[in-house]
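Structures incoming, each one as structure tokens.
You will see chain A twice below: alongside chain B first, and alongside chain C after that.
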Partner chain A sequence: MALSVDEAVSTGPARDHAPPSRRFGGRGRAVLEVALLTVLAVVMLFPVLWMIETSIKENRDVYAIPAKFFDFKVTMEHFKDVFVASGGGRSTLSASFLNSVLVAGVSTALATVLGVPAAWAYSRFSVKAKKDQLFFILSTRFMPPVVVVIPIFLMYRQVGLIDTKLGLILIYTAFNVPFTIWMMKGFVDEVPAEYEDAAMLDGYTRLQAFWRFTLPLLLPGIAATAVFALIFSWNEFVFAIFLTSSDDVRTAPPAIAGLIGGTTVDWGLVAAASVVFALPVLVFAYLVRKHLVAGVTLGAVRR
Partner chain B sequence: MSDSAPLTTDHPGQVASATPPAPGRSSRLSDRGLAVAFTSPALLLLLAMSVFPLLWALYLSFTDYSATRGGTAQFLWFENYTAILTSPQVHQRALTTLIYVAGAVTLQTVLGFTIAYLISRRTHGRGLLTTLFLVPMMLSPVVVGLFWRFMLDAQFGVINSMLGSLGLGQVEWLTRQRTALISLILVDTWQWTPFIMLIALAGLTAVPKYLYEAAAIDRASQWFQFRTITLPLVWPLLLIAVLFRAIEAFRLFDLVYILTSGGPGVSTETLSFHVYKVAFLGFNTGTASAYGILMVLVVIVLTQLYLRYLNKLKED
Partner chain C sequence: MAGIEVSALHKRYPDGTVAVDHVDLSIRDGELFVMLGPSGCGKTTTLRAVAGLERQTTGDIRIGDTLVNDLPPADRDIAMVFQFYALYPHLRTRDNLAFPLRAEGLPKAEVRERVEEAARLMRLGPLLDRRPHRLSGGEQQRVALARALVRRPRAFLMDEPLTNLDAELRADMRTEIKHLQGELGTTMVYVTHDQVEAMSLGHRIAILNKGRVEQIGTPLEVYDRPASLFCAAFIGSPPMNLIEVEVADGKLRSQGGLALTPPPDLPRDRRLVAGVRPEALEVTEPGAEHSVPARVVSAEWLGDEIIYVVDHDGHRDVRVRMPPTVRFAADAPVGLRHTGGPPPVYDVSTEELVA
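So, the complex of A and B:
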């Protein structure tokens, strides 16, 4: 980090360098770059491939020393174990997946309902101390979860929200609202306010103008924002593990983490559960790839 | 509903003359009402779920309250704060956190920027490459932590297996004091290098082509172009990404919890993890609250810095 600062600042004396002859450059350099890129891509992707491989390996091969990369028996047993309990019937893991769908879905819907109108209002009207309000909203999202969870835990214990899905939904909504507002404000800013002015000249009220003309134009943005909120809630772990304990409330992240609690760990099952858990996220992330920069910076950076 | 939209908005001028504009005063009043009605539900939720809990934690931080003992809390004023700020235990955790944040963020920045730079120089397959590189970032820290724990296992982990077949010695990645912190930094780097890469790539592709063309005409070297064109133009955006990562790394909890649980010993206990131990294993809620408030102060300072740079970037 510090190194790059120095480089950025000391651009002055570079003119002394004579431009080196570029006869060698060109192709040799390009090959080198491609090779480097390939190596980096393999390193970055290997763990993911290894996870997928482990999830379809027989237990014997999972613990093989040295590790087996290609010649292993393929089995779907681990995936079956994710969904079906050993005695038949639904496994606790599959119940936790359903809980995750419910909690992430409802909290995302709530955050959208609360966040989109707020984003529109912040974009269109001159609200008092607008900048401060927006900064305050974003900074609530930056609070360390371990710190926030202490008073939330006490608060929930007081009102009986500990170990309930409603409790999780509320806290997830609260951390998705700042994101939704920042992300959506960017989308609203892109829709010219003149559309609404024109509609109001036609006799529509401001609210009708928003509802009938701006909102339909915002739908793609709302969809992208909701997908990110869904991913954030789906992946969330800290609140889930401290605020829930029973199997019928617990979401998937703490349930998967719970698989390594015992004396022996069934890594094939862990891998299969992780694959099932991660797959929807990757699909959704691919759908919103155009908005990734804005999404992962909580709507702060837009390019 | 949406059918009528293009009809009216395409010809605002023609229709405008038909209906007189609403009187300015009343419409402005209703605008204000609408703004309040639309922003207050979100703000109220944030007040209830973020601000109120933090204020409660602030109150608790001045007391000796314990979540398990219950009963009335004694007011201690700043005793908790002085206890934390003078505790050698906390100093050690702060150092661990500093090493972790600095190490991970530096590695991510260097690697992420390198990858972005290499990708930006390719003309074919950029979209596919970017998508592939982004996979680690989208995974839950739980999945990442669990899986690396498996891969770094000293006995049957694939990393040691590969080291073995290369003829290198085995490394006890997660069970030795020094290597455990390095492992934590490496895993975090693996997950978040794509983040820096993504932002850097956004910055790199926004650099206007004609600057390079002009430089090429002047026969400026690649290195010179990089230093005088690429870096200065990408740096502001990169700084935002770096600060963002620093805040995230500072508040990180889940990866530590899954990967090492702070061990071996206390070698990978970051401040976040220590707060958790004080609050949920020691049940010193008052002390933990004071600890948490101090962490919040650090985050607020970092966030202010982040938002200031963000503002500067937006104004340019």
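So, the complex of A and C:
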């Protein structure tokens, strides 16, 4: 049966109706669940909450002992400091935010442009030693980045990519392409090849068939994959701190980390910068949440 | 419109699977040609090679007078209907139908006209503004057929288009397809593993097995004289009884003494098997004239007929089709006799028809 991805998502809520067997234990079980979830939420969310509080406290209240939870004066000073340098003009932090936007955005776009067609090819065509190739591609993600950072550093120095945005973009793309291929191959597998077959018989070339019929059906998957790639690039710290040094190349994670470590630490500024840093990803993930859920659950839906 | 010529088709997939070993087909212009065979025998692969969706390893395919080996699917001017209907999910019925025409770049007015015509032929009027997911399986299939029609291609290729429908709808659609093909006179290659479908639709049937053609013939030829033991066992429900026989003084006899009318020119000195249709046998009272003693093992009451399964000396499970008025109890001793004309006879070692 032809099933569009949006329908695939709409089957989700149906699962909320727990089957009778799962009602076993009823009320007591529900209370326990809620209690556990609350504890978990508090543990997980407290640092976030504290970060937000700190970012809007005056310095006096930030360092107050015992800590003030509620009765402090709200100020936006720290947020101003994030963007505006003390002598006026743009702050170095704001420059690193722009760098982050650029590096994460471009590397995600590149990984998508390279990875989606590759995933399509791996899914649709018989490629020699396909399984081995796919395993190799995945294997590049097995080791933690810190393992390769020294060799990459040396290579980058040779070719002059040290302390350049291009260098960061390339390395993030290299890390995101395998991920994109693997995620997207699953999505492409889900789209029946008959659409392309039919389109080719209707007079389109294979590429046109892919572009006009398969690609639109892949959009939710692409959105989900791109968000994950974006989050990786946006949050990446190890390469950023090793491969960049100057303020006009640095991305936000090393720049924020750089605020800590002087004789005095302006925690208000650190917190405000962190909030600003966390916000875009949250907003973005929220905006595409429908596609994210569709993307993550798509494989579970039989057609 | 055009005939289709497939010669010495061989397809080996990159993983080493030989899906089509050797297939020759000569499909006439305007013919409804059915390819029938068990799962995995290479029907789909053959059809996809004709469509150009799969490149054959060796062999030639001609559509009309054109050698199409190197033509992409778009340039072969054929339409295909898939088992999975492959309607574009984001398009309404109307646009699904119009799509192939727009791809050809036809003027708008003509597109509209042709869509209307196909919609009328397949009675899609009320469905034109729905998207595929709001159509039932049968409706989706009608849209898929209509989509094949609008292009007015030189040939239709159908890959088990009715498999996903329930039995009743399937019978309706079968009639509809047959009627449509007759009306349009367009060559159609129809793939199925359902012999009822094959028998009722096909002008001619090709029976495929393990990537080879076992037999090509009209439904009647295929039913009356299966060309090999495989065909004999495949066609008919229940299929032929395969009974080992010997030639003795001009008669054809089974071990248990059952006498069959012998076909002319029987070869000697070979082990032979006769293919006897269940309706060419008769269960009688024990001791009736020309009958051999047998025993009823079971009976399937099908309403309009009864299929008796009987044992007779040396042969187990011989199936006999009888009218529902003739009733014997299970385990009852009965007689068994042959009433039909000469049965087809096969050589046991070559499995081929010998007489």
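Basically, the second predicted complex is superposed on the first by the 253 of 303 C-alpha atoms of A that agree within 3 Å, B and C clash if a C-alpha of one lies under 4 Å from a C-alpha of the other, contacts with A are read in each partner's own complex, and residues count from 1 in each chain.
Here, a residue touches a chain if its C-beta (ideal position, glycine included) is under 8 Å from a C-beta of that chain, and two chains touch if they have at least 3 such contacts.
Quick caveat, the model's predicted, so the values are computed rather than measured.
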{"item": "Which of chain B and chain C A:Gly28 touches, first, second, both or neither", "value": "neither"}
{"item": "Contacts of A:Thr140 with chain B and chain C, given as first, second, both or neither", "value": "first"}
{"item": "Contacts of A:Met44 with chain B and chain C, given as first, second, both or neither", "value": "first"}
{"item": "Which superposed partner A:Gly203 touches (first chain B, second chain C, both, neither)", "value": "both"}
{"item": "Contacts of A:Phe213 with chain B and chain C, given as first, second, both or neither", "value": "both"}
{"item": "Partner chain(s) touched by A:Tyr195 [first = chain B, second = chain C, both, neither]", "value": "both"}
{"item": "First, second, both or neither for A:Thr173, with chain B first and chain C second", "value": "first"}
{"item": "Doubly contacted residues of chain A, that is, touched by chain B and again by chain C", "value": "1, 3-4, 7, 194-195, 197-198, 200-203, 205, 213, 216-217"}
{"item": "Contact footprint of chain A on chain C as seen in their complex", "value": "13-15, 48, 51-53, 72-74, 76, 78-80, 82, 84-90, 99-100, 103-104, 131-133, 137, 140, 151, 164"}
{"item": "Chain A residues touching chain B - in the complex, by the definition given at the top", "value": "1, 3-4, 7-8, 11, 14-15, 17, 19-20, 22, 25, 33-34, 36-37, 40-41, 44-45, 47-48, 50-51, 54, 62-67, 114-115, 117-118, 120-122, 124-125, 127, 133, 135-140, 142-148, 150-155, 157, 170-171, 173-174, 177-178, 181, 194-195, 197-203, 205-207, 212-213, 216-217, 231, 234-235, 237-238, 241-242, 253-254, 256-257, 259-260, 267, 270-271, 274, 277-278, 281-282, 285-286, 289, 292-293, 296-297, 300-301, 303"}
{"item": "Touch list for chain A against partner chain C, complex", "value": "1-4, 7, 126, 128, 192, 194-195, 197-198, 200-205, 213, 216-217"}
